[in-house]
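One chain, chain A, links the two complexes that follow: it is found with chain B in the first and with chain C in the second.
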Partner chain A sequence: MEKMYVNHLPCITWKWLKMNGVESSDLPVSASRITADVPSGWTVSDDTAAQGSDIAANSNAEIEKALFADKIVTGLGPDMDRLIKEADVPVLRLTASADEPLVIENIYKDGDSKLSAVEITIPDGVDAVVTEKFISEDVCSDGNAVCGFQTRLIIGKNASVKLDQVQKLAKNVVFYNDIGTFNAENGRFELVEVILAGGSTYFGSRSNLAGRESSLDIEMAYLVKGKEALDSNIAAFQRGKRTDAQIRVNGVLKDEAKKLTKATIDFKTGSTDSVGSETEDVLMMSDNVVNRTVPLILCTEESVEGVHGATLGRPSEEIMTYMMSRGLDKNQIYDIMEKARLDAAAAKIHDEQTRREIAEYLHPGEETE
Partner chain B sequence: MALLEIKGLKVSVEDKEILHGIDLSVGAGETHVIMGPNGAGKSTLGFAIMGSPEYEKTDGTVSFDGEDITEESTDKIAKKGIFLSFQNPVEVPGVTLSSFIRNALEQVTGERIRLWDFKKKLAKAMEALDMDPSYAERDLNVGFSGGEKKKAEILQLLMLRPSLAILDETDSGLDVDAVRTVSAGIEAYKKDVGGALLIITHSTKILEALDVDRVHVIVDGKNACEGGRELVDNINENGFEQFVK
Partner chain C sequence: MKEKTQVADIDRSMYDFRNEDKDAYRIENGLTEEIVLKLSEEKGDPEWVREFRLKSLKLYNEIPVPDWGPDISGLNMDEIVTYVRPNTDMKTDWKDVPDEIKDTFEKLGIPQAEVKSLAGVGAQYDSELVYHNVRKDVEEQGVIYTDFESAVKGEYGDMVREHFMKLIPPTMHKFAALHGAVWSGGSFVYVPKGVKVAIPLQSYFRLNAPGAGQFEHTLIIVDEGADLHFIEGCSAPKYNVANLHAGAVEIYVKKGARCRYSTIENWSKNMYNLNTKVARVEEGGSIEWISGSFGSHISYLYPTSDLVGEGARSDFTGIAFANTDQNLDTGCKVAHRAPNTSSYVNTRSISKGGGVNTFRSSVYVAPNAKGSKCAVSCTSLMLDSESRSDTIPAMDIRTSECDVGHEAKIGRISDETVFYLMSRGLSEDEAKALIVSGFADSVSKELPLEYAVEMNNLIRLEMIGAIG
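Up next, the complex of A and B:
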């Protein structure tokens, strides 16, 4: 595969806006086996074959058909599945247990071109916790790397998975982070996504809320700075009755950063009494940043409730005066406000060591909890 | 030498002159009260001392501790030891009360503060103000009741320990119990820090437990009268009408 098309918008808009999807030729090519200390209660499958995909990456009709057939279609989309298959990536297939959390740490070096995939089945009634870290060996490095990671989650009846992801990559790293979930009845998916650094990040997460009362809760916080870019595609495909999708994105853009957030709540026929909400709050610290947001609410069901909202800007003059009256100068205020957003999301991460690592990165030399 | 010395201060907001040449002198550790009818310019004086950019000083000088601070920025004035308790404290989403105070404390003292020591001091001050400890980890002033916002202001006063505190209608909108708690906090500041107070107020309830050194009446942006504590009783009895020309 020479090119990959990712983050296709679930309902396309004008082509000239360049928001429908991204074509990229910087692709990870080396299959990378995930090495993780799998907790003893979890089971590892012998089947490591990737499934691939026969769905067109830019066809919403085909994506929708697959979702109605109870399949997982990830946020980045079918091309990522094809790439994984083509690169012969060994998929780590696990069945979760509630006993112990799973931590997968991916450390990337300069020149890496790694592609990895994990598929976790959360059996009925099991509550699992998973932490995934994507870290550059030297976050200050100028070296190039192109890496990708896919997480598929099959969430059983009355089961839940709390997935915490942290990304801290060097400024020239291209990274594809792909998530897809299938949620059975009352299957709950909670994602805390903290993006601290990375050159060009393509992030996608799509949940197939097939089961009655299944739910999705995403808390995403990002800091995009320098010449970094972030392209996100978050989608909730709400099929079951009384499903619930909550997407909250808080971000900070600095310097010449570029960011596009696509968040879609898609109420399908039959999703009676479902609710969905998507909000994004962006703090723009420079006049040179590019901030684009596409909040979408699609609806083919009557009795549903969807809310979206986006706020952007800088702290008001009132806030600035108030904070300055306590001895803080403008730069310190910006610094506090930017870190506060990331701290708030980081505080929700379950793994203590990961929380500590984020604190050390955000507050170097500072004593934290 | 006075701690705060204001001479002939004129202040404009959006090209409209609000203060027309105010004089004021506050000694270290003294308690002064600014009174006056609505719209007299009392809060403007507080913001102007604090160097708020919306309040343009067009004439006169403000000196603090012998140093001219007329043109200083708000953050530098705060670092020199002046604190303004806001009449309407601003809500700051995303920044917790605890982290805000810790950051501010490090700025005004210029020292790193051990987390454990800070938490201990904060808990003690919150207890003294009868504040629910959970407020420490809530976003600054967001969703706080009027009373809790004022308590959060006094909490900052107790933690930051300035040498001059300007309290802008700290007692307004508070019920009797909250006024009592806030007053106790102000007394604690006087006792522990020994700083000077400049209290801008309409009511006199907050003054009951304090030794007031001077009372200044401002009317229409000018000094209208000055006296001792007896002036408070006079105003309580006869109102501000007597000072309006």
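Up next, the complex of A and C:
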């Protein structure tokens, strides 16, 4: 595969906006086996074969058909599955237990071209906690790397998974972070996504809320700075009755950063009494940033409630005046606001060590918990 | 057949009646260079218009059919008649208009509205204007309101040429190119500096011929400090073959001027409404779009505001009601290209009976548009689960010194509210119609009274059978 098309918008819009999807030729090519300390209660499958995909990456009709057939279609899309299959990536297949959390740490070096995949089944009634870290060996390095990671979650009846992801990559790293979930009845997926650094990040997460009362809760916080770019695609496919999708995105853009957020709540016929909410609050700290957003609400069901809200720009004059009256200058205020956004998301991460690492990155030299 | 003696009498037959096809000239079906040249010759175009048509046709053939919106595969240009001239030339007195055509506009209430509440009227029947008149006192203020053909060929020719299809170049999209190739009819308005036209001008477009297209061009120039309210109305009888509307509206709002452009669109449900509207607003100027979309089978309609002068402002207030066999893809585009510009977008959409509504928008804030403000609010009401409602708003912000907010909501009529109104003696139908009318209130209150009443009656009409 020479090129990959990712982050296709679930309902496309004008092409001149260049928001419908991204074609990329910087692809990770080396299969990388995940090494993690799998907790004793968890089981590891011998089956490591990747599934691939026969779905066209830019066909919403085919994607929708697959979702209705109870399949997982990830946020980045079918080309990521194809790439994983083509690279013959050994998929780490796990069955979770509630006893111990799983931590997967991915350290990337300059020149890496690694592609990895994990698929976790959360059995009925089990509440699992997973932390995934994507870290450059030397975050200050100028070296290039192109890496990708896919997480597929099969969430059983009355089961839940809390997935925490932290990204801290060097400024020339291209990174594909791909998530897909299938949620059975009352299956709950909670994601805390903290993006602190990375050259070009493609992030996608799609949840197939098939089961009655299944839910999705995403808290995403990002800091995009320098010449970094972030393209994210979050989608909730709400099929079951009384499903609930909550997507909250808080971000900070600095310097010459570029960001595109796509978030979709898709109420399908039969998703009676479902609710969905997506909010985005972006603090733009430079005049040279590019801040693009396309939040979709798609609906073919009468009895639902969907809302979206976005605030993009600078802090309000009231906040600035108040904080300046307390003796802070503009830079200090922006610094506080930047860190407050990231701290708020980081505080929700379950793994203590990971929380500490984030604090050390955001508040160097300060005493951490 | 009823006449529109009062708005309360409104029913669908008011729009769906049709006259026998008695056109004076009809070009053959399809779209070829030969047809375009024949059309040009028939209309006696100046050379530059003829050349423009041919260039546009070339672009039309090169630009692909849009694949991001509603399916328009049912529209076959080989079957569309691009030019139908009615059996009359343009008159300035309704008495001189042939009875059959005059009756059509009387049933639509146009002559009556002209007497009561309009400063001027243009009435287009198929491809040409059949009536155009402007009140003497308005004319004496220096306001020019004339048919577009006369403007192109007459004393305003240079002004028209300077502005024609500059805001909507044929390269913009396939149907802008189509318009450039086969346009006919439409109006030209010029409001001189400082002149405030106290009551609105109106153009009404009636498409009677089955299988025909209407491609009128409206060019409005509101000069510095001037003020204008322009109303556009449109309707057509329903046929079993596709009709096409691909008009273009270009509005130049000069420094400190204001233009309000109101549309109540009630095309028949075999109509492909692929209309394009763009306003360019200079320093301190303002454009206000009021848009009611009720008719057509398929609509692509996104009035665009290009805010190029400091302090320029755009307001968009829209409502779309999609019922059975309708797919209305509507919304707006706003580009903030100067400091301290502001825009406000407020839309409502209602979907029922399998109808599809899509709110599609784009907001662009350029790096130099410091101090700009933008607020977008769209609310959708789903009346059943056979229908569909999508919101697709895009924002592209390139300066930190701006405030951009967006909110969208989708939901249903609350059972509690219906129950409350029924407890006060309303039937379920009446209760729901009242709630929907209230939901559309933000649009109707922006319209002149008689149009607001008409809009509410249209909603009531559409709501018939909403239950069960």
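Rule of thumb we're sticking to: the second predicted complex is superposed on the first by the 369 of 369 C-alpha atoms of A that agree within 3 Å, B and C clash if a C-alpha of one lies under 4 Å from a C-alpha of the other, contacts with A are read in each partner's own complex, and residues count from 1 in each chain.
Keep this in mind: contacts are C-beta pairs under 8 Å (C-beta built on N, C-alpha and C of every residue); 3 or more make two chains touch, one makes a residue touch a chain.
Quantities reported herein were computed from a predicted structural model and do not represent experimental measurements.
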Superposed partners chain B and chain C on chain A - clash or fit: fit
Angle at the Cα centre of chain A, taken between the Cα centres of chain B and chain C once the superposition is applied, in steps of 10 degrees: 80
Which partner, chain B or chain C, touches more chain A residues: C
Chain B versus chain C as contact partner of A:292, first or second or both or neither: second
Touching partner for A:304 - first (chain B), second (chain C), both, neither: second
Chain B versus chain C as contact partner of A:336, first or second or both or neither: first
Minimal inter-chain CA distance - chain C and chain B, angstrom: 16
Footprint overlap on chain A, where chain B in one structure and chain C in the other make contact: none
Complex contacts: residues of chain A adjacent to chain B: 250, 315, 317-319, 321-330, 332, 336-337, 340-341, 343-344, 366-369
Of chain C, residues touching chain A in the complex: 67-68, 360, 362, 367, 370, 380, 382-385, 387-412
Partner chain C, residues of chain A touching it in the complex: 11-15, 17, 19-20, 267, 269-270, 284-314, 316
Touch list for chain B against partner chain A, complex: 50, 52-54, 73-75, 78-79, 83-84, 86, 89-90, 92, 94-96, 99-100, 103-104, 107-108, 112, 114-115, 156, 160
